[in-house]
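In the two complexes below, subunit A is the common chain; its partner is subunit B in one and subunit C in the other.
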Partner chain A sequence: MSNILELKDVNVTFNVEAGQLHILRDVSLEVPKGSFLCVVGESGCGKSVTAQAIVQLLPDNGKVESGSINFYDQGEKLEINKLEKFGSRMRGLRGAKIGMIFQDTLSSLNPAHRVGRQVAESLLQHMDISKDEAKTKVIELFKKLGIPDPERRYEAYPHEFSGGMRQRVMIAIATVCEPDLVIADEPTTALDVTIQAQIMTLLKDLQKSAGKTFILITHNMALVSEVADHVAVMYLGRVVEYGNVNQVLRNPRHPYTQALLQSVPSLAADKNIELKTVDGQTPSPADVTKGCEFAGRCPFVTDACREQVIPLLSFGEKHQVRCIRLDEKGNLPKLSKAAAND
Partner chain B sequence: MIEKPPSTAKLMISNFVRNTTGMIGLAIVFLVVTSSIFAVQISGYDPNMFDGANTSLPPSTTHLMGTDQLGQDVFSRVLYGGRNSILIGVLASFLGNLIGTVLGAIAGYVRGKFDTILIRLSELVMTFPQLVLVLIFVTFLGQGVANVIFIFAITGWMTTFRLVRSEFMSLREEAFVEADRAFGFSSKRIIFRHLLPNTMSPIVVAFTINTAIYIIAEAGLSFLGLGVPVTTPTWGNLLAAAQAPVVVEQYWWLWVFPAAAIVVFVTGVNFIGDGLRDVLDPRSRTQVKEASFGSTLKQKIFGSRKRNA
Partner chain C sequence: MLAFIIRRIAIVIPMALAISAIIFFASRLSPIDPLNSLISPDAAADPTNLAILKERLGFNDPIFVQYFNWLTEMFKGNFGYSIQTGQPISEILALRMPATLELILSALVISTILALAIGLVAGANRGGFTDKASRALAAVGISVPDFFIGLALLNILAYRLNWLPTGQRISPGQVTFFDRLPHLILPVATLSIAMLAVLIRYTRNSVLDTLNRDFVKTARSKGLPEWKVMWSHVFRNSLGPVMVILAFRLPLLVGGSVLVETVFQWPGIGSTVVAAVTVSDFPVIMVVSLLIAVAILFASFLVDIVKSILDPRVRLGATTE
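And now, the complex of A and B:
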């Protein structure tokens, strides 16, 4: 299948008072058309920055330093990072070709406007249709997205909606123009679990029925196992492991992914055993040296890990891991008991 | 027919109707404005008609506020003068607010050099005594209703500018602005269609306050003989008669009534401003009872949004 989005060695830096922070390091991702990619990682690992870089909406002090971001619009290749940030071409992509769903639904909707108008506005901006047509289309979409009483809801204000309903409105805005790619930045973090499941089912349905490509940014491993086709695990601005969902979740290779998965609590677990956590703290992006970013917390660390830029190694079918401690079969060395207790 | 939830504007109007101060102000302003529109019909005299036989008469049943040295009916002139004074106040305030709002919105949203230049310019204008500035402009442009409006607007846009700018500086960081950008909206659209409705309250309040200020400023300027030409009746021009000590002492009706008109109207405008502030600013809503659960909820949301900002 052809790719809809390709990131190649993308480096993003932020200018802060203390100097320059290297937030994304050589991030490469390939997103096949119609697939569901999950980007996971802890807070501050660069998940959201990756999304912002794709739509060229980095904060004012952020900048794509090098690398290329290519988007394929019906086969036509667009080099996003070469387009003018707020030029008409880029604005034509945002919303129309690349939809965005945000985490905080209350503050992501304009409190001064009725929600129906906010959804319709996106349509009117990108498509040549009349206001009445837009309204009909929005009400139809509301119905499809499971918003009850859509005609009346069209006229309501954001604060009159519950969190789950607001997220449906956000999804409506993001998908009303039928974009090929939808980026959802932690869309369910602010919602409770049952609503979370509803929203995720909705997104998955959209992917299957409408053939849309999704990039879901999350730190919720349970969600990932439900919806993802591919998973990219990020740590401190680098993709440390990439593969399809079975490869990454069932057979994680990178020590960080393994630690991350072990720290997910499960209902079947023995409640007397303390939950495993990833040792140590995430270092600040300012402290990163040239070796492996995870070296400071990794039980398998050797001196070699700290001294070189770790290459991305491939195992099997497109399962990529950024770790030099793996043998040719992709297995980590056995830990000696002493080292494990360290 | 689908029942529409009331719009924010409608909710605010219904709250304003229940605001006593605001409604009193509105009644006063309405009364003064309509009576100055129908000045001739109400007073029964042409404000510019000289009557050599009835000069300097004290108030009586035929001339409610007496006549001046030329025999012109003072009541008619006060009402008629209201037309120009109110016109100057409202238009100058509107124009000044428009300039301030547009510049403030752009400066607050775009930031950068444009913002720096404008904020320095506004500081420059503000540190210069306004009266001196107005005098300079009058010297160059000459007297006249249109000129006074223009000069007031040019020298008075800074307060609104700063107000709107600071509102926009906090609004531009809101998540929905980021969302707007991600939906491909142009900056122009985000500024004027999405952010401006969120700053309407302080702008509306500033508009009423500035109207009152400009009416008083016009009176002051005309009193000095620098505002509107004496031939055009305004409250300030009528007051100018009191420059002569003899008028102050013996012909009190020539200055008391125009002065009273200014006081009454400005008070009315300020009452409206107070009422609007109560209704529009969620933090100062104390006497206003909530219309429904919906509006309470909204207040909570709007209130906490403001506090967070």
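And now, the complex of A and C:
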């Protein structure tokens, strides 16, 4: 299937007081049309920055230094990173072709405007329709998204909604213009587990029924296994492993992915077994030198890992791993007992 | 909304009463006996004369009764008489109030509109020309006293360049509003500049704060043009804090008008108060203080209403995140 979005060697830097931080390093991703891609990784690994770079809404001090971001609009290739940030072409993509869902729904909705207006705003911007038509459409969408009493809720303010309902409103904003691609940046992190499940079901349904492409940014591995087709694992600004959901979750190859999956608590697990954590601290982006970013915490580390630039190796069908310790079959060397207990 | 307004009024009324009590009792604490200016020194030599006067004016009643009587008369619109001139105070007010209102309201409207416009531009283009220029203006406006700016403007624009009249509200023989306008420019400019300086900075900072809020990112993610993001998302949410500062600065505007009226010989309440204070004309001082206090209370009440329109969370008593 053809791709709707391609990121090729994207580098993003942030200017801070101390100098320049290299936040994204050679990030390459391919998102097939109609797929559900999950981008996972711990806080600060560059997941959200990746999303912001795609829609060109990086903070003022951030910048796409090099690389290309291509979006395919009905077969037409658009080089997003060459479009003017607030130019009409880019604005025509945002909202209309690429929808965004944010994490903190209370702060992401304007407290002074009624929610209906906030959703309709996007419609009125991109489509040639009257205010009344927009209102009808929004109310219809509210109904579809499971917002009870949509006519009355249209006139309500964000603070009058619960977190889950607000997230439905956010989803309405992101999808009202029927964009081809929806990027959800940790949409369920601030919600109760039961509400999380409802929201994820809603997103998955949207993907299946409307044939939309989703990029879900999350650190919740349980969610990933439920919804994802493809998974990209990020660590400190790099994609360290990419593949379909079976490859990455059932057969993880990168030591970081393995550690990450082992640190997911399971209900079936014996209470007496200590939960595994990833040893050590995530280094600051300012400390990164050449070599593997994970070297400091990796049990399989060798001198070579620290000194050479690590290439992205392919195994099987598009299963890519950034690790030089893998053999031709993609297996990591056996750890000696002493090293394992270390 | 109605419930919110009623709640606010329920707060404003006791406050107004408290202020009236403070004004009344404070005036009675003064060591200066207002009776002295009501009676000729010869008559005052005989204590019985003083006693008769005291009895007749109600000074022998218990002080709370006096306060109550004074308050009822105030409510009836009977503000009493000036000790100095014997004129009814309501007459003085009718004569002087329009001039002061003209001055203060012009300054308020002009400084608010200018400050919001300049502050928005300065905040939206942080570090740009407007931002830097407004910072310089703020430094001047905040650090240099009103009366000095007034005198400097007077010296340059009126005295040396002769572009504008040096004072008064109107020149002899002129009647229309446009005749009066040149007289208004210097006093209003003087009064506005401090207010303007502070408000520009607050608006600018408030705009910068709002720009960092997440909902601005949401607005941009809808593909709205920047002017729309600025106008309907950033600006409206930046106004709340500015309104609070506006309410806080109002008393300073009233205080400033006293000085400005004196510098520009403006025939308003301010210059009346200055004259009343110099001769201990207590009835006038009390009425004017009370009026100013009530006006400021009313203004802050209005600001509350405006705030509740800008941010619906205010009227529901919800916390602001």
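Please note the rule applied: the second predicted complex is superposed on the first by the 342 of 342 C-alpha atoms of A that agree within 3 Å, B and C clash if a C-alpha of one lies under 4 Å from a C-alpha of the other, contacts with A are read in each partner's own complex, and residues count from 1 in each chain.
In this text, contacts are C-beta pairs under 8 Å (C-beta built on N, C-alpha and C of every residue); 3 or more make two chains touch, one makes a residue touch a chain.
This one's a predicted model, so the numbers in the text were calculated from it and none came from an experiment.
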What does the overlay on subunit A give for subunit B and subunit C, a clash or a fit?
clash
Look at A:86 in the shared chain and tell me whether it touches subunit B only, subunit C only, both, or neither; answer first, second, both or neither.
both
Looking at the overlay, does A:125 come into contact with subunit B only (first), subunit C only (second), both, or neither?
both
Can A:152 be said to touch subunit B (first), subunit C (second), both, or neither?
first
On the A-aligned overlay, A:200 touches which partner chain: subunit B = first, subunit C = second, or both, or neither?
neither
Going through subunit A, the residues touched by subunit B and also by subunit C turn out to be 55, 57, 86, 91-96, 100, 102, 104, 106-113, 121-122, 125-126, 157, 159, 170, 173-174
The residues of subunit A that touch subunit C in their complex are 55, 57, 86, 88, 90-96, 99-100, 102, 104, 106-113, 118, 121-122, 125-126, 157, 159, 170, 173-174
Inside the complex, what are the residues of subunit C that reach subunit A?
213-215, 217-226, 228, 232-233, 236-237, 310-313, 316, 318, 321
Of subunit A, residues touching subunit B in the complex:
55, 57, 86, 91-96, 100, 102, 104, 106-114, 121-122, 125-126, 151-152, 155-157, 159-160, 170, 173-174
State the interface residues of subunit B toward subunit A in the complex, per the touch definition above.
2-5, 7-8, 174-176, 178-187, 189, 193-194, 197-198, 294, 297-298, 301-302, 305
